[in-house]
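In the two complexes that follow, chain A is the common piece, with chain B as its partner first and chain C second.
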Partner chain A sequence: MLLFAASRLFRALLTILFVMTFAFFVLRASGDPALLILSVDAPPEALAAFRKAWGLDQPIWQQYLAYIGHALTGDFGKSMRDGRPAIDLVMERVPATLAITLPALALKLGIGIPAGIYAALHRNTFADRMTMALSVAGFTMPSFVLALLLVLIFSVTLGWLPASGNDSPVNAILPIITLGTAGAAIMARFTRSAMQEVLGQPFVRAASAKGLSWRRVISHHALPNAAIPTVTIIGFMVGSLVAGAVVVESVFAWPGIGRLLVSAVANRDLAVVQALLMVIAFWMVMANLAVDLAYGWLDPRVRSARAGGH
Partner chain B sequence: MVSAPLIAIEDLTVDFANGPHVSRAVDGIALQLAPAEALGIVGESGSGKSVTWLAALGLLPGKAAVRGSVRLDGRELVGAPPRELEAVRGKRIAMIFQDPSSCLNPVHRIGWQLGEALRLHRGLDRRAADAEALRLLDQVGIADARRRLGDYPHQLSGGLNQRVMIAMALAGQPDLLVADEPTTALDATIQAQILDLLRAVRRDTGMAMVLISHDLGVVAENVDRVAVMYAGRLVEEAPGQELFARPRHPYTQGLLAALPELTGRRRRLAAIPGTVPEPGSLPAGCRFAPRCPAADHRCAIEAPPIQSVAVHHRTNCHRQIEPGFSVWSLPKAAE
Partner chain C sequence: MLLPRRRLIAAAGLTTASLALPRIAIGQADNRPSITIAVQQIANSASLEPLREQSNVGTRTFSFISETLIMPNLLGQLEPTPGLAESWKRIDERTVEFALRKGVRFHNGDEMTADDVVFTFSRDHMFGPNYDITSNKTLFTSVVVRDSADGMKLPPEVPAVAKRLFPALEKVEAVDKYTVRFVNRTPDVTLEGRVGSLGANIVSRRAFSEAKSWVEWARLPVGTGPYKVREYTPDQSLILDAHDDYWGGRPPIKSVRMMVVPEVAARINGLLAGQFDFICDMPPDQIPTIEKNPKFEVLGSTIVNHRLTVFDMHHPQLVDPRVRQAFTHAIDRQAIVDSLWSGRTRVPAGLQWEFYGPMFVEGWTVPEYNLDKAKALLKAANYKGDPIPYRLLNNYYTNQVATAQVLVEMWSQAGLNVQIDMKENWQQIFDANKQRAVRDWSNSASFNDPISSIVAQHGPQGQQQQAGEWTNAEMNRLSDAMQVETDMTKRKAMFKRMLEICEREDPAYTVLHQNATFTAKRKDIRWKASPSFAMEFRSVNFAVN
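Take a look at the complex of A and B:
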């Protein structure tokens, strides 16, 4: 088990290093920040001074080594726009993003899981078909379409909720609903199929044959088994808590990680984009690690395989 | 069957709805079982032998329509409310299945699963349930029972898991154990051990048993009476000795002819030509007629009634075949 955890941790670090390296080279290969930040009409001396100031005149591998070296000491560079540490710019945006993605996650799980269980238990009934039809509608609609639709209904027509900004908690409602809808739909489908799979297993019939009530068969025998595959998708959702709201934040002008990413990329603010991608990758990797540990916790077969048993 | 039957099945019919198609898995079965009796049910897969007992316990999915009557000590089970059926399952009639390793819940420990049955059926508290679980594992011949209680099903072999299933079935001290192909998924040596165990358990507890198998050999040594099913119908029923010595239905005769003999001259094993009809497209008359060497025009159009041919010996065949004569020796069969 310890060996398992250590090897997973090593792989996690490797993944983060890979993301940092990839971001570093792609960003430098895809455009010159000096031209973007100073504009194309800037005098050549100014451009040269800018490049020298940010070390962009050095050979790229030297820039890379310097970047990794600094990163190891916790220095992720400064924003080319306002000179503040990039990591600070990123971290101060995290709470705003979590303020909409965490409630959205609660919505996804709180609606998706019960709906999926209900549909599986009432398979092929009208209620099941309705739930699944809604689910298909929910996850096929692009989030920006849903966002604009909600704005049209609740802000423009009814005037109940603000269309954008972050002046009050009420502003968070539409972004949360937009984010939650697609996730709840995916969760419902996934839960339904996991549950259906389990309900067809011989041990469910055997539990009934034992004399247990249907309610207990579901709660103590079917659900703990159906939980195992759904952990994958929940982990995926947890992983996207930080970076999963780029489009929605842009539509609703919500000052979170997503909007920072869009503006930093547009501005070629190299250090900020790199810090963003590093934070996002770190969070995703941690979520994956949590999923792996959850598997062992939920499934004794996985546990003994990792312990090196049979 | 002099005493009042423990369980009496009358005209039991099970239909499965597959969209617009209805397929009949069990067609008018009548069977009785006395207390402490052991009945074997033999038939190919799809003959309805398992479905009959799943239907009796209300364990079939919703798309199955069950008609007829199953009485346990005179109380009707078909259409009984869920609460009544739950009180019968495990407590009066326990059931074990073909693949023991997938019949135990993979995420719960053996001790937990046994304890669940003991708390439910015997109202034992945790400590008493633990002690009784230990005793039950002992009774079904599991060595090192205390350690096994903490194991998960995947840590046990198929044979051990079947022993656990039997222990769990015994937890409710049932009057009847329905063993649905209990040894089919196990190795031959383990198979013999499990059958020995079932015999021992029956001797100790005096419970009745229904042994469902496609294997005549398994059934022969372990039951008092044998019922043979074919395509949803009961085709022959007799005490074991009688059935094996004087089979009267062409299908039973064919099954016996297909068994190798340990003594006597070596011979080519006879196979019954053709295949079992699909439940969706059953022949109109006798279900076996298309494969029967003795079938005549009447067999093709009229379903034969089940009738007595000797004491405790019933069969459903128009041809009234004499004891000792095998239809498989007819020239038509040798073609």
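Take a look at the complex of A and C:
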């Protein structure tokens, strides 16, 4: 198990290093931060001074080695826009993002899983078709369309909720609903198909034939077996908690990671973009690791396969 | 005579009450409204220091916070008016003396004196420690922004901008507590204009000295404007409180919150939902959406900024100036104004603005729309229809892509084969490794003289020549001569000749239309938009019905 954990950790570190390296070169190849930050009308001497001050006039390999060297000491550089440590800028936005993505995750699970189970247990009924129709509508509608629709109804027409900003907890309601709707729809579809597959398995028929109550068959035999694919999707959702609200944060002017990412990319604030990608990659890798461990907990076969080394 | 004790006590009580009551009355009477303004951005550079934030959005933000000795009349045509200086006079060709307004208070309560003005234009605040007054070279500096976060070293762009604004400023000296004298190294009739431009905003010496770092200063600057900074969160919000000791009268708004809402639709929805009182940076195609609702209106105004099409004279198809002239004659500018701007802007008289005053060249126009003339020019230049690339950004300017598509069609009517080449950023636009031909730009004037525009942007030190797109020997001679010429008749003749060269004979660019900015607001608020990004929120221009 230790060997397994160590190998996963090594792969995680490699993934993060790959993300950092890729981001470093792509960002530098795609635009001059001096022009973007100081504007196209800035005097040429200001542009030259800016590049010199930030080492952008150095060969790119020198810039890369310096960046990796500093990163190893925990220094991810300073924002080119305001001089503050990039990692501080990123971390102070995380709570705002989690304030909408965590409740949205609860909404996704709280609505999506029961709806999926319900649809699977009432297969090919009107309720199943309605649930799936809503699910398809939920995940095919782009989040910015849903966001604007909700604002139009609840802010502009009814005047019940604020259209944007983060002045009070009430401001979070529409972003949470927007994020939660699509996720709940996806969750419902995956849960339904996982449950359907399990319900068709011989062991479910055997459990029923043994005389177990239908409720017990579902809760003790079907659900745990349907949990594996569902946990995979939950893993993705947990992985996107930090960076999964880019569009929604922009539409609702919510000051989280997503908006920071958009503005940092637009301004080619290299250190901030790199710190953001590092944090996002770290979070995603940790979520995947958690999913792997959850597999072992949920499925004894996975556990024994790892223990037996095959 | 001794006063009876009771009378004395009563008198003392009355005196105390008379001192206390007005304050209480003011406190009780402070029923001024607070407003929220949704904007696309507060400051691109995340700082509230005009010497770093030389942008349109910065112009708007700084109009609340800080002021210059000479200020533009925001309710007029931006003509210069007394600001923190009550009056000024020319001592000689190189020297201007300013009589400061007395009783002006900074946001920290200090009185503004000559000492603050001298400090504003000092090395510590503006030019950096390595400023070489005798040098003609553009200076520079080894300071780094990292030091600006930890100490008071200036970010490198600050002295660079200062040097551009005041290329030959020798010294600023205090004559007495309320008089300062600006001395230039060379004769310069534009010194008054420069003193009134964005970046020459007067700051409190004590507040700057007390700041722990330059970044801290730039987040919480102390000026003399009608509103003072309470809290600035870059990319999110700026909260301003009324500066009740403001020299121009008590501000009419208790607090102003500027909120960054990047999406246009979200700004509009927020206004319609009653969350915002004003929304800025409205694209013209959204005006009908707002005005359908009787509670709101859109105020638009042209600003001191013209949209241009810029040529690279070194592209094989554009070497012959007649091809570039054909471009200029094949544009129906009024059609663009009418269709894409709903007629809410105008075709200006070339690269100049009326606020130039005596330097404005009356009777000058953009090249006439004349397809036959364009065709004839192309024929004379022996243009065979070879492709001409048009590097384009995705709506960096309002209506940019739509305008480009219209232009390409218009040029094609004349026989020009222009092909749009979409780019992601300015670096790709300027990339000299591949053939450049046509691109977009906009030009402003930071003060009321052609030096601030045609010379600054198309002269030898201007971006177009620095980028290697265009040059003209006569234009360069005129630019240098105009910097030190003080005879206004000669200067105007020079400017006219520059317009002839750059817009007609050897086109460097062609002006398309004047830019405009649109602000939507509650109709029950009486407020007038300025011909600028700056917003006037003093008592003369705000009331709620």
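Here, the second predicted complex is superposed on the first by the 308 of 310 C-alpha atoms of A that agree within 3 Å, B and C clash if a C-alpha of one lies under 4 Å from a C-alpha of the other, contacts with A are read in each partner's own complex, and residues count from 1 in each chain.
Basically, contacts are C-beta pairs under 8 Å (C-beta built on N, C-alpha and C of every residue); 3 or more make two chains touch, one makes a residue touch a chain.
Predicted, not measured: the structure shown is a model, and the values here were computed from it.
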| item | value |
| --- | --- |
| Touching partner for A:His122 - first (chain B), second (chain C), both, neither | neither |
| Partner chain(s) touched by A:Asn225 [first = chain B, second = chain C, both, neither] | first |
| Of chain B and chain C, the chain that contacts the larger number of chain A residues | C |
| First (chain B), second (chain C), both or neither touched by A:His70 | neither |
| Touching partner for A:Gly211 - first (chain B), second (chain C), both, neither | first |
| First, second, both or neither for A:Asp299, with chain B first and chain C second | first |
| First (chain B), second (chain C), both or neither touched by A:Phe203 | first |
| Contact residues of chain A, present in both the chain B and the chain C interface | none |
| Of chain A, residues touching chain B in the complex | 201-203, 205-214, 220-221, 224-225, 228, 298-301, 304, 309-310 |
| In the complex with chain C, residue positions of chain A that touch it | 30-32, 35-46, 48-50, 52-54, 78-84, 148, 151-152, 155-156, 159, 162-165, 250-253, 255, 259-260, 262-263, 267-268 |
| Interface residues, chain B side, partner chain A - complex | 54, 57, 59, 82, 86-91, 94-95, 97, 99, 102-108, 116-117, 120-121, 152, 154-155, 165, 168, 172 |
| Touch list for chain C against partner chain A, complex | 38, 44-47, 54-55, 138-146, 148-149, 155-157, 160-161, 163-164, 215, 218-219, 233-236, 259-263, 265-266, 269-270, 272-275, 424-428, 430, 441, 444, 457, 461, 463, 466 |
